[in-house]
Amino acid sequence: MTDLKTLVEALIFVSQEPVTMERLQAVLEGVPAADIQSAVDGLVADTGAAGRGIHVIRVGGGWLFATKPDHDREVRKLLQIERKNRLSSAGLETLAAIAYRQPVTQSEVSAIRGVDSTGALKTLLEKKLIKIVGRKKAPGNPLVYRTSDEFLLYLGLNSLDELPSEEEIAKILEEEKAVDA
Amino acid sequence: MTDLKTLVEALIFVSQEPVTMERLQAVLEGVPAADIQSAVDGLVADTGAAGRGIHVIRVGGGWLFATKPDHDREVRKLLQIERKNRLSSAGLETLAAIAYRQPVTQSEVSAIRGVDSTGALKTLLEKKLIKIVGRKKAPGNPLVYRTSDEFLLYLGLNSLDELPSEEEIAKILEEEKAVDA
Amino acid sequence: MPENAAAIPPVEETALPPSAETPDGYQVRLDVFEGPLDLLLFLIRKKKIDIHDIPIAAITRDYLGYLERKTEINLDREAEFLFIAALLIYIKSQMLLPRETDLAEGEDPRRVLVDRLVEYERIKAACSLLREREDVQILQWKRDFIPPLHGESELEPVELSLFDLAESFFLLMKRRAAENTRTIRGRDVSVEVKMKELVGLLQERHMIDFLEYFEAHASLEEALIAFFCILELVKSRVAVAVQDELFRTIRVWLRKDARRTAAHD
């Protein structure tokens, strides 16, 4: 079992994208899924412990190594990144509109926001958080956008189903109104 | 001491180049070199143990994470699977030139890219992203290339007409309004 | 909107959120809001109004109050704020129309706006949740390179996407033929000239498709001036603008009584 765990560790470590169960099974031909799963679980528990600086996280429908949040400052210093590159609020708003309404066109996103969103779309495309997936059969055949796999990774989601739900959103709105009152 | 070790682990993990003692000292201002050294030594010992799938190795005057040799076969298999879905940037550029300028010959593609593209063409043919459609009536009768049906399938397009136009891409990329950025 | 400004009743100073207090005045203050819908939501919340029962007249007054308190016009941003202003005014006019019976739920002229606001409000709320997720994730660094293997390592992976492909080609072209880059230079168009042209067009065609008209312009600047003129005409009750369906185009025509007057201008 230990061997399988170290093997899975090496595989998750070497991959640039989240390693899915399917991929692990494809590589580890003949190993029962349950054994792979418990190896992964063991690894997640091991690396989550206090003595480790990097941990295996579940994201984008698979597993990936990442540094722990406490080391952010030093990591940025090493990589010479001045500050956390959060999305601008325009960028985040545009991304949310796309995430919830995809597939969408530029003008649909702009209509939802009430603001021309061409610039924000460009930024999101460059950050690879969204992608062009084709064209809409409508006058002018506008390009159609969707969120990308990087989007899931960026927000630590496993799938689009994990986007904040109607209930969570309703709760936030209630809270905001309570504060205003 | 544990904290310093996890910190060093995170730093070595995120770096693409070997992390030297000088880099570590620069990042960990004020921490005595001896303490850093013993944290690194501890990390090398920890990760070198049998239960771990990746280890910190000394290379190029610094430290780096690497997979262990025992897992080589599986690691390569995984990367092979990942690589199937990916294309080198030379391949991408060549494919783009063919997509937008087809039908084209090898020398036309090379002229557009300013680089000999014979190798890239071969790869694209192997991946079935392009196909040979005949010969050009020109000196030497060079082969003429086009993108394949698989190419469209791969990008989720119905026809070549659906490729973003040069104007559209120019507009997205050159959008100068910083309002939404 | 020069001469009509006086027609709008003065509004009480509505306090902006603290972050909005900047010495740069109106221009920057409007930037506090992501857009016109954001500003509207702010006004609605401030007045503790039920979003499903907006007193259009009062909100329109407050909203226009913000737009009036400007020191300079940045047409680029202004257009979006004015667009919603036009919508508010249109809704207000619809609500003032005498009717024989009360409107059914679905016929409420405010419906179009309410639907947009509700959707926008939801997106905004989702944003605050997504921001929390971003804040957690952004602290956890992932690698974007493949670590060294034993032996060869000639991997240089790039994921293929339509955008990558198109961008790649575009950059290639740009590199090859920088001198061919077209620059679109708009003519200098004044508001008056555009206004005349627009009125002439409305008289000739009776009705224009706004989006079509907007997109037919060579430069963004000229298009925005045209847009501004249409809002002006709507505001001064010379023209009527109607959007049949959300996100659809807007049809514009001259009011019957204005048609004759405009012709004599």
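All chains are identified by letter, namely A, B and C, in their written order; residue positions are counted from 1 within each chain.
Keep in mind that, in the parts below, a contact is a pair of C-beta atoms (placed from the backbone, for glycine too) under 8 Å apart; a residue touches a chain by one contact, two chains touch by 3 or more.
Note that the structure is a prediction, hence the values are computed from the model and not measured.
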Comparing centres built from CA atoms, which chain ends up most distant from chain C? B
Closest chain to the centre of mass proxy, which here is the mean CA position: A
Using mean CA coordinates as chain centres, what's the chain B-chain C distance in Å? 40
Interchain centroid distance [CA atoms averaged], chain A/chain C, Å: 30
Find the geometric centre of each of chain A and chain B from their Cα atoms only, then give the gap between the two centres in Å, rounded to an integer. 19
On chain C, where are the residues touching two or more other chains? 141, 143, 145-147, 149, 157, 161-163, 166
Residues within chain B bordering two or more other chains: 10, 13-14, 65, 67, 75, 79, 82, 156-157, 164, 168, 173, 177, 179
Inside the complex, what are the residues of chain C that reach chain A? 34-38, 45-46, 48, 80, 83-84, 116, 119-131, 133-147, 149, 157, 161-163, 166, 246-247
Show me the residue ranges of chain A that touch chain C in the complex, using the header's touch definition. 13-14, 16, 57, 64-69, 72, 75, 79, 84-87, 89-90, 92-93, 95-97, 99-100, 107-108, 111-116, 125, 128, 131-134, 148, 153-157, 163-164, 168-169, 172-173, 176-177, 180-181
What residues on chain C touch chain B, complex-wise? 76-77, 141, 143, 145-150, 155-170, 172-173, 175-176
Along chain A, where are the residues that touch chain B in the complex? 2, 5-11, 13-17, 19, 23, 26-28, 50-54, 65, 67-68, 71, 74-75, 77-79, 88, 90-91, 94, 115-123, 125, 132-135, 141, 143
